[in-house]
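One chain, chain A, links the two complexes that follow: it is found with chain B in the first and with chain C in the second.
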Partner chain A sequence: MAVRTKAEKILKKVVLWSGFLLVTLIILAPFAWLFISSVASQADLLAKPLKFWPEHVDFSRYARIFSGDAGDETAYTFYRAMFNSARIALTVTVISLTAGSLAAYAFTRMQGNFKDKLLYLLIYTYMLPPIAIIIPMFLIMSKLGLLDTIYSLIIVYSSFITPFVVWLMRGFLATLPVELEEAAMVDGLTRMQAFFRVILPLAVPGLVATGIFAFLMAWDEFMYALIFTSSIDAKTISVAIAEFSGKNAVDYGMIAAGGVLAALPPVILALVFQKYIISGLTSGSVKG
Partner chain B sequence: MYLTLKKVKKSFKNKEVVKNIDLEVARGEFLVLVGPSGCGKTTTLRMIAGLEEVSGGRIYLDGRDITDLPPKDRDVAMVFQSYALYPHKNVFENIAFGLRIRKLPEAQIREKVEKVAAMLGLRDLLERKPKELSGGQRQRVALGRAIVREPKLFLMDEPLSNLDAKLRVQMRAEIKKLQQDLGITVVYVTHDQVEAMTMGDRIAVFHEGELRQVGTPAEIYQKPVDTFVATFIGSPGMNLLSGVWNNDRKVFRGEGWEVFLNLNFPSGEYTLGIRPDQIKVGADLPLQGIIVFSEYLGAENYNHIMLGQQRLTVVAPEQGITGQEIRIAFAEKAVHFFTKDSGKRVEVAYGS
Partner chain C sequence: MSNFNRHEKKLPVLLLLPVALVVLGVVIYPLLYTFWLSLNNVDLTHPLDKGFVGLGNYLYLVKQDYFWGAVGRTFYFTVVSLILEITAGILLALLLNSEFAGRSILRVLVILPWALPTIVNGAMWRWIFNPEYGALNALLLKLGLINTYQSWLGKPFLALNMVILADAWKVTPLVAILLLAAMQAIPKDLYEACEVDGAGKWTVFREVILPYLKPTLLVVIVLRTMEAFKVFDIIYIMTRGGPANGTQVITYYAYQEAFSFLHLSKGAALSYLISLIILVLAVVYSRLLKSEL
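The block that comes next holds the complex of A and B.
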């Protein structure tokens, strides 16, 4: 007979909460340290013993990056890399969401013997390790004259993010009842119009959540970016950060500032669109 | 005819689910397609809607061949079992959607939607979203969405089966009344024979992809073409008792019982059918059965009895007591005969 005493209940809560706090701490500590480093002075960062809380808080590194002054090489590289990353990630998100959600719709609604095989084929391309195909890809991009341009990365990213979008959107669209388009088609729309006027508005939560994932994948990607780009015109922020730890090993503060800026867009996206990530819009369309 | 199906077929992956259906519906008629699940009735309806392509045959509506037209060009409206209301639109916009697609002027849309909403008692709900409505209200919105467009043909796919029993009876009457008041043509699919009987001007009974019988509820009830129709239509279903008819002695011999009938048809093995409510019950009647159990329904009772070694159901005003004897008789006018192997109806002549 397990009679729960009050002490046991309290103990359970204490254990639960300390576990929760520990995990939170482990996850957030690197970010906290990153931020602290970015606003601490160089002297504080190099001081021994280590000072966890800097004596002087100093946002000048962010100001340097955002000034866009071409003379300040370190800061300017970050500045340009950020814009490259943003342009690439946004373009890839738009391309892969458009192509991917249309394909996903086809996969949920069309009938055919090869449908499943085709879907798995698509997923396998996504699972292929980049290292296996990076050399042929490099040669292709070189032939096309796209090396060291953001287009090479847009093409490559779209090629592996689109299957990912298909997979996620397929799961989402499958939850929307087929009768909705059928009703719309009987009401007077073509299938395409039914997709845009009925299915797409309902798919917004799925599109937003998938879009965020797609954006993050493109924003974070490192390997292709490192191999395909070299100049400041195409370099992405992940590559810029990596190079600083080699070339300018001393300037920890600047690297940290770049790190914070690289982490910011995904965090903002997730915060702004969090209500879309929780879907529930379709309740009531079918019996409930 | 207003709607004509000619040799319409449907196969899915070499499996024929609808076999050579010939069907005609008159303008203003309420036709019910009824049958057990998987009998092809919904597929037939979806082929009329254009949501499913035919594998063979033609469909004509109001003198026009619509077989190859997309759903939007057929001028039909459909009410779905799941209602399929647009969850992101309110009631007004749900009803107005078909009119907006046709780019009607705003004032006209408003007028039409409000008229339909008043007719269906939805006037106070126009601003609500589907998820804020009850099942019955959603059903009305789905009906409104169909009515407002004034289509040539209404298709309804089990529209009442998601409602609770009481509401279903009420909506059944409402839909029927609406159909009569507006004079619209309806093809209505259901698996519920009570709905079919009460709503249909005519009923088309489907079984295993075939159209077994088409007729008025009375024709189907009184002269079922085979044992399937006989047991499917009517509640409780018709009793079927196999046995041998001797035309010389005018006797039908079942298992452990026999009945004399003043009928004339060739001797042989048959299945005798009789509806539970047409069996006579009385103290001095010739057949003797034993009550196995009895179901009390208020106004009447279903007495399940053993007649010889065969089981049958008798509807009677008195509730039977298990183990008790009950005396019954079959009247010539009440019995049906079906062939033993194929179950097809056998026409019998009265008198010798």
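The block that comes next holds the complex of A and C.
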């Protein structure tokens, strides 16, 4: 084996650690600036030259948002929009996990060509750009009187997140040994009993990972929310942020605070369930 | 026995019913409705001019310079994003795959931009690129790299490139995570064999790592092309298609036609053109996955 010289080893370390510093800086600096902007006073934010380290730290924007004071327009909109986003994302997660796991189980236990065709139909559904159906959906929702309600978003989000759940859960369920449910069925359980009592408990890690993806997708969606919702009864946090950042007199600090709050649930989920998410990402998009 | 037997014929149907309902009701019907709209003239600003126009809307669109401008910008967005994300993604994956103490910290960090909601990402970069109070101007001026504040999102072509950068910042970590998984599948003894042969770093990359990455790279390219082709959210939050239509990509154009100008049929025709391209890419994607099974 070729012997590495000391100089080469040092060079390698220098390259790796400079790469480390560069990547850390590029990733963390924008996050840091978003957070600093949310707690810096308006005067600091508009100062020239800009103060990267604010003189006056001020958490009042967060207090204003959480006070739920209806008179404070921007803060109250963020407050309500957070709850709308959470209700929508949680409901969609429950619906898509339930419908999706049942279908995924059927897919892993079915035979024949028909099942493959159906599966690809589902993938295309998931990949369909929102713009393809958003115009008629707008007309339909308007006829049903669902425009500007969270139900319109729950319905559409479920329609593209459920196929994704089927896709991911199928992968997880396929890894479970069929002997387990066969044994359960020999013991007298029906197939559905075997599914709920034997298979589902084993699939919990898969359900957790898939559920997080479903939640994140629903939390992140913007285009349908932009077009279907308009009042604080239904508006999501993304729509609220977009609306305020498009105004002429922009309260940058307040938008930053809203941004931090909108980012917190997905970022915390991603950090806590990092391993699940990485395995889900790779198995969901690269493997069949 | 693990497969459904004769007595269970109804069971798979029951299990698939909820999904089938959702897909048929919420996807197929609107999709046909969009097609119908695209063949008719439904313009909410001229509600009386209703009628069947066949391919009229499509023909009208392809005669517009405006349309080809949006198509060109969409291609530019897609190609530049891909080059940027793949190059940076490979480098980042190589770094994440190297054995050194910083690796575990980096592996946690890369998931953060991925988790950030798209709209928050766009709002954050719009604020950083702000011409008067933005952190980028202040930083570059401090470092002596610029003499005066620049209007990053104020010039059409520059704005398009800045939006691409903001988007790539969020997406590159995902590309790196996928490529890292492929790199981890490379057997260790392959590297050792290279060392015995005295192969250089570039040769190792080209001859050993790249062939292992190829299947994942193909999938990533198709997936990212699809995403880039339908880009909307980050354009909306950062530039609203401006300045001077400099960032007006095709989905934004369709959105404007349908929901700003209320030309529902032209919007529908545009969205059908977008969907056709996406469908072709989706078919390519499913073929890629199948060939790997």
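We take it that the second predicted complex is superposed on the first by the 265 of 288 C-alpha atoms of A that agree within 3 Å, B and C clash if a C-alpha of one lies under 4 Å from a C-alpha of the other, contacts with A are read in each partner's own complex, and residues count from 1 in each chain.
We take it that contacts are C-beta pairs under 8 Å (C-beta built on N, C-alpha and C of every residue); 3 or more make two chains touch, one makes a residue touch a chain.
As the structure is a computational prediction, the values presented were derived from the model and not from experiment.
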Partner chain(s) touched by A:Ile232 [first = chain B, second = chain C, both, neither]: neither
Residue contacts on chain A - larger count, chain B or chain C: C
Which of chain B and chain C A:Gln274 touches, first, second, both or neither: second
Which superposed partner A:Pro201 touches (first chain B, second chain C, both, neither): first
Touching partner for A:Tyr120 - first (chain B), second (chain C), both, neither: second
Partner chain in contact with A:Ala174 - chain B first, chain C second, else both or neither: neither
Chain B versus chain C as contact partner of A:Glu182, first or second or both or neither: both
Shared contact residues on chain A - chain B and chain C: 182, 185, 281-282, 285-288
Residue numbers on chain C that touch chain A, as the complex places them: 1-4, 8, 11-12, 15-16, 18-19, 22-23, 25-27, 29-31, 33-34, 37, 91-92, 95, 98, 100, 102, 105-120, 123-128, 130, 133, 135, 137-139, 141-142, 169, 173-174, 177-178, 181-182, 192, 195-196, 198, 215-216, 219, 223, 226, 230, 232-233, 236-237, 240, 251, 254-255, 258-259, 264, 267-268, 270-272, 274-275, 278-279, 282, 285-286, 289-290, 292-293
Partner chain C, residues of chain A touching it in the complex: 1-2, 13, 16-17, 19-20, 23-24, 26-28, 30-31, 33-34, 37, 45-46, 48-50, 52, 98-100, 102-103, 105-106, 109-111, 118, 120-125, 127-140, 155-156, 158-160, 162-163, 166, 178, 181-182, 185, 191-192, 216, 219-220, 222-223, 226-227, 237-238, 241-242, 245-246, 252, 255-256, 259, 262-263, 266-267, 269-271, 274, 277-278, 281-282, 285-288
Chain B to chain A touching residues, read off their complex: 49-51, 70-72, 74, 76-78, 80, 82-88, 97-98, 101-102, 129-133, 135, 138, 145, 149, 155, 162
Parts of chain A lying in touch with chain B, wherever the complex brings them together: 177, 179-180, 182-190, 198, 201-202, 281-288
